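Here chain A shows up in two complexes: once beside chain B, once beside chain C.
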Partner chain A sequence: MAKIIIDGQEVECRDNIPVLQAAVDAGWDVPHYCYHPGLSIAASCRLCLMEMKMPHPQTKEMGWAPKLMPSCQTPAREGMEVRFATEKVQQNQKNCMEFFLLNHPLDCPVCDQAGECHLQDYSYKFGDPESRMVDQKLKNPKKDIGPNTLLYSDRCVMCTRCVRFTDEVSGTHELGLVNRGSRLEIDVFPGLPLDNPMQGNVVDICPVGCLLDKDFLFQRRVWELSTASSICPGCATGCAIRVDHADDKVYRLKPRYNPGINDWWMCDEGRYGFKYIEDSKRVTSPIVRRGLDATSPEWADIPEIVQFRFEQHVRENGGEKLAAVLSPFMSCEEGWLLIEFMRETAPECTLVMGPVPMEGDDQSFPVGATGDKVKFTILNEKCPNRRGVEMLLEAAGGNQCSFDEFVEKAGGGSFTAAWIVGGYPKEWVSKELNKATGKIDLLVVQDLLQNSLMTSAAFVFPACSWAEREGSFVNAGGQIQPFDWATNPPEGGRRDGQYLYEIAGYAGLYNGERVRKLMAAKIPAFKEIHEPPVRPVHAH
Partner chain B sequence: MSWITVNRNEPAIDPNAPPILSAALCEKIRSLFPRYDTKRAVLLPALHMVQDGLGHIPWQAMKEIADILEIHPSDVIDTISFYTHFWTHPKGMKVITACRSVSCETMGGVAVLLELKKQLGIGEHETTPDGRFSLVTEECLAGCDHAPCLLINEKLHRCVKVEDVGRILADDNNDRISQKRSDLFDAPAGDSKSKDVSGLESTSDVAEMKASE
Partner chain C sequence: MAAFEPVLLRNRGVEQSTTLKVYESRGGYQGVRKALKQTPDEVVEEVKNANLRGRGGAGFPAGVKWSFLPKDRTRTLLCVNADESEPPTFCNRILMETDPHQLIEGTIIAGFATQSQTAYIYLRVEFHEQFHIVQKAVEEAYAAGYLGKKIFGSEYSLDIYVHRGAGAYVCGEETGLIESLEGKRGWPRIKPPFPAVEGLFGQPTVVNNVETLSCLPHILERGAEWFTSIGPDHSAGPKLFCVSGPVKNPGCYEGPMTISVRDLIERNDLGGGMRDGKKVKCVLPGGVSMGALSVDELDMKLDFADPRNYGLLGLGTAAAVVIDESVDMRMVLQNLARFYGTESCGQCTQCREGTSWMYKIATRIASGAGRISDLDLLLETARNMGMMPGYSICGLPDGATYPIETIIKKFRPELEASINAQAPGKAEALFTVLN
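Moving on to the complex of A and B:
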């Protein structure tokens, strides 16, 4: 740790981190464009300049250097002194802002970035309200640089964050700087578009409205969005994300800073993978069948009906005829509640880990990197909570079997009652499973999208997408990461946690944290959860 | 201009086109590898070689250079576009360089440039369809005292007025250099009012100063 003095105030920071980072961490709003903690240092935007005390080259006497220094490029050293709140520094900020705005179009009303734009914010806070520019602005067209991204060249501030991202993080090098001086532009080689599994991050790190996401383009003004802290369900990496939503519709996902897991990034598969939330095949209301008679009872009546039918079934057929298939898309809390209910009803029942979707190989970035050099990995295990469910199963003990064994046994008539949880964003029911469940009298299907099991099920429960649920997922690294719900379930639906909570015999509102406490009391492994640190307000 | 979209997904080169760099040229580029720590470092010499060989560096050549150096083609266009020296399309027989810097601008350089563009029918860094002229602009041609200036190949035209443009372009000898000798170093001894080799009277200030001594 080093102690440095910023504007006369002592600040403690890690040795050798950029002075800019130390100041931002300590609450200063130091304007910056080119600096990003996840990229190399360019020191090209000149917005972060500060006055610095340093030894005179000849006399070695400490004094304020006549020139301003880039604080992003100066490592913090013990005893160092810098000044930020001075006229000289502020004048530089004004000059820089004027320069950035020279050719900048007056686009904010039609610009997607407006409302979360650091050109707007910094102009307001550090710039001058008036422009002295009398000449015509340079104008350049926007470029379609890839399947998911547009580049509005005229809004660029040339921070080169995006170029450094493709060079250093994705390792795909698609972006380059073309031309020079005031004609400098970001561009790709024609025909080699920005198209890699991590490209969406360039939109996040672009401090202005130059790089924009086609998927979100003109969908919603950002100030109308609310945000929920969540965890990406796309793969076992478990990136911390933000779910931006409005009117119960998810508009976009953005990564949250989560050091050691996803740092500042997320992959495109996760980023755009939420569209199934609005799938027309979603199950929205519960169905209860008795013989050929199907009804959609009130949610309030359901716990009692379920408990009654299961207890009756166990009385008539014995507890070992019962099985529950848990899904790696369930949260730990939901899984725990279901296990509670099943084992309460029949301690001998069989617990099963549902199918774990695997696709291809893991992908590491920068492309071609190995070992320490890897900055991000997309895992081939395409579900968020296999480990969480495994932890629950391990703690539950008793009768258990693999999914394949379950299908085989069920086909052989070993089970007469089963609770099968899906929640997979894709079709997942195999022919074998479909056939095997024909032998099950009391079948509960809890799933997101309609499937063939539902036609013969005694109970059909709509599962919610992760954006509508709350709880925690355990990622590949074993970190237990809580997530919040963003939107409400579709009309007629209910959060899985809520109905499982009631079916398991609890009263009142389901709350992830409360259930986690109950769970942790019985399974100590769930005591320690992982929550990413809050990023300083002025960091970006 | 955000209402116009340039489509960058479209390739600039035909993937089935035969290679444009000869095997010998490729070999010459590779032969520089031992001189540098990285292959990437050979980029600038390679660009010079290709431009010297082909006259310019077409998209196809950029891709081939990138393949040889094991870098992304975007890094090649990145470097090429930084230097006006490198041409991505054929250069004309004569390159006209108009000055766009301060002295020339205040003395009417902009009007001269516009007139050039009008008469040639091309923009900056472009070449006329007949291949005779290319037009570029540069910062200061070091002839400020005779602003506005323009260069045709290596011949400096001084104090160019809009109405001179037509005549200069029509002149077949508009790039012929009549090298003036330096009064300070080359003047024959004893001759205070020096003449240059072309027989024209020198306009140099130095000569005037000497004469008035």
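Moving on to the complex of A and C:
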């Protein structure tokens, strides 16, 4: 740790981190474009300049250097002294803001970035409201640079973050620069579009509305969006994300800073992987069947009906005829509640880990990197909580079998009652499973999308997408990460946690944290959850 | 004043001066032989004693620069800056055209002093002919065993590569040059690390100008004392001067750094006076980047110290452009602003936007739509750019602003008169497009 002095105030920070970072962490709003903690230092936007005390080149005496210095490029060292709140520094910020706007179109009314634009914010805070430019603006072109991304060159502030991202993080090098001076533009080579599994991050790190996501283009003004802290369900990496939503619709996902797990990034598969939320095949209301008679009762009546039917079944057939298939898409809390219910009803029931979807190989970035050079990995395990469900199963003990064994045993008639949880974003029910469940009298299917099991199920419960749920996932690294709900379940639906909570015999509102406390009393691992640090608003 | 005995240009006009045979027959490759018998540190010391200041523009003492190399380095690279992109400057060009072996000899000496294994001569792409001349001389030197392994029977080996740029002013800036040599975009680097510690390909690197290196054979041969006996203490040794514009004898001349701008224009052995009865109005004496002199300031000495007294940035390349009374200073402003507007590499905000804004304003003024306030706007824009206040990575914007600032300050009455004489209303009506 080092102590440095900013504007006369002592600030403690890690040794050698950029002075800019130390200042931002300590609450100073230092304007910056080219600096990004996840990228190399460019020190080219010249917005973050500060006054610094330095030894005189000849006399070695400490004094304020006549030049301003880039605080992003200067490492914090014990005892150093810098000034931010000075006229000289502010004059430079004002100059910069004037320069940035010279050729800027200021088409904020039609720009997706408006509302979260660092050019707007900095102009407001550091700039001058009036422009002295009377000449015609240069208009660099708008370009389609890849399947997901548009580049409005005229809005670029030339921070080169995007270029450095493709060089240093994705390692795919699609972006480069053409021309010189104010005609400088970001571009791709002809025939080589920006197309890599992490490209969406360039839109996030672009401080202005130059790089825009086609998926979100003109969809919504950002100030109308609410946001929820979440965890990406796309793979077992467990990237911390934000779910931006409005009117119960998810508009976009953005990564949240989560050191050591996803740092500042997320992959495109996760980023655009939320579309199934609005799938027309979503199950939205519960169905209860008795013989050929199907009803859709009130949610309030369901716990009692379920409890009654299961207790009756155990009385008539014995507890060992009961099984529950848990899904790696369930949250830990939901899994725990279901296990509670099943084991309360029949301690000898069998618990099963549902299928864990695997696709291809892990993908590491920068492309070709190995060992500690790896900055980001997309795992081939395409579900968020295999580890979490396994932890629950380990703690639960008792009768358990693999999914394949379950299918085989069920087909042989070993189980007469089963609760099967899906929640997979894709079709997952195999022919074998479908056939095997034919032998099950009391079948509960809790799933997101309609599937063939549902036609014979005694109970069909709509599962919610992760964006509508709340709880925690345990990623491949074993970190237990909580996530919040963003949107409400579709009309007629209910959060899985809520109905499982009630079915397991609890009254009131489901709340992930409360359930985690109950769990922690029995599974100590759940005492320690991993939450990414909260960042100052102006840090990005 | 006794006629100056040319040193760097002593082979100019000699038949086949670019060949090794002629160069050697006229005393060439003696300095390097002497150097290789000494230790590298002794050579560095000699060059320090000669107070050889860099001829590339900044005037930094070469020997001192070399001593910044880390003592424990295992590799060192030498870059010869032959980018010479500063307008009206052709000192390096003449040196390469007339005496490429002098440059090669100087390069070997600098290479030995810095213990470099490899040297790269970086030429601007427009130097077609010069490239072939230098390349041929390098080949000749290899064939004679003067380059390659164990030069002149010493333990020292050096390889030289001649590399051509792709046409950018900023690639003359030493770290822009290094990036370009690495095959990247010519974007000057942020410092630290300085090239002496981490330069070309991450190795300790020295960058020196062609003329700086061309002085070395003579320093080694004749000694530091001889070198410092030429010119004032702070500006030792022979220097090339260029003069262009409406003078009788535009060209490149050699002399001590005691001559004034007036000498350069008027002396019969130099510029020879103005052509066709024209009168001097303005001189940009150090290449264009150092700023402008008015006709009352022609006594400025072309040395490393005096230009500061006239509000100029420095000696620069000591290449003077003379502007006569028939030229409209608005056009001069526009022409200068255009150069920097197109040559800014674009990475630093102030330089990228400032240079092109200055060009737009200057263009508007030149097309008769200026406002008096534009002159102040130009001055203020100029003040808001530059490496010296810390606003930018390299010195290009300092060079961009000095000529604009000095011209506005020194020629304000003329500029204001032109603006006041414009057709009324035009300023409001005419906005320009940058092309």
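The rule is simple: the second predicted complex is superposed on the first by the 540 of 540 C-alpha atoms of A that agree within 3 Å, B and C clash if a C-alpha of one lies under 4 Å from a C-alpha of the other, contacts with A are read in each partner's own complex, and residues count from 1 in each chain.
One rule holds in what follows: a contact is a pair of C-beta atoms (placed from the backbone, for glycine too) under 8 Å apart; a residue touches a chain by one contact, two chains touch by 3 or more.
The structure presented is a predicted model; accordingly, all values stated were derived computationally and were not measured.
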Given the superposition on chain A, are chain B and chain C in a clash or a fit?
-> clash
Does chain B (first) or chain C (second) touch A:115, or do both, or does neither?
-> neither
Which of the two partners, first being chain B and second being chain C, lies in contact with A:160: first, second, both, or neither?
-> second
Check the residue A:490 against both partner chains and state whether it touches chain B (first), chain C (second), both, or neither.
-> neither
Could you say whether A:411 touches chain B, chain C, both of them, or neither, answering first, second, both or neither?
-> neither
If you stack the two complexes on chain A, which partner ends up touching A:193: first (chain B), second (chain C), both, or neither?
-> first
Chain B versus chain C as contact partner of A:180, first or second or both or neither | both
Which holds for A:103: it touches chain B only (first), chain C only (second), both, or neither?
-> second
Which superposed partner A:146 touches (first chain B, second chain C, both, neither) | first
Once the two structures are superposed, pull the chain A residues common to the chain B and chain C interfaces.
-> 176-177, 179-180
Which residues, counting only chain A, touch chain C once they are in their complex?
-> 41-47, 49, 66-70, 73, 92, 95-96, 98-100, 102-103, 132-136, 138, 157-158, 160, 176-177, 179-184
Complex contacts: residues of chain C adjacent to chain A = 168, 170, 185, 190, 341-350, 352-357, 360-361, 364, 377, 384, 388-393, 431-434
Taking the complex as given, what residues does chain B use to touch chain A?
-> 1-2, 4-13, 59, 62-63, 71-78, 81-82
Residue ranges of chain A touching chain B (in the complex, touch as defined) = 105, 107, 110, 139-147, 150, 152, 154-155, 172-180, 187-193
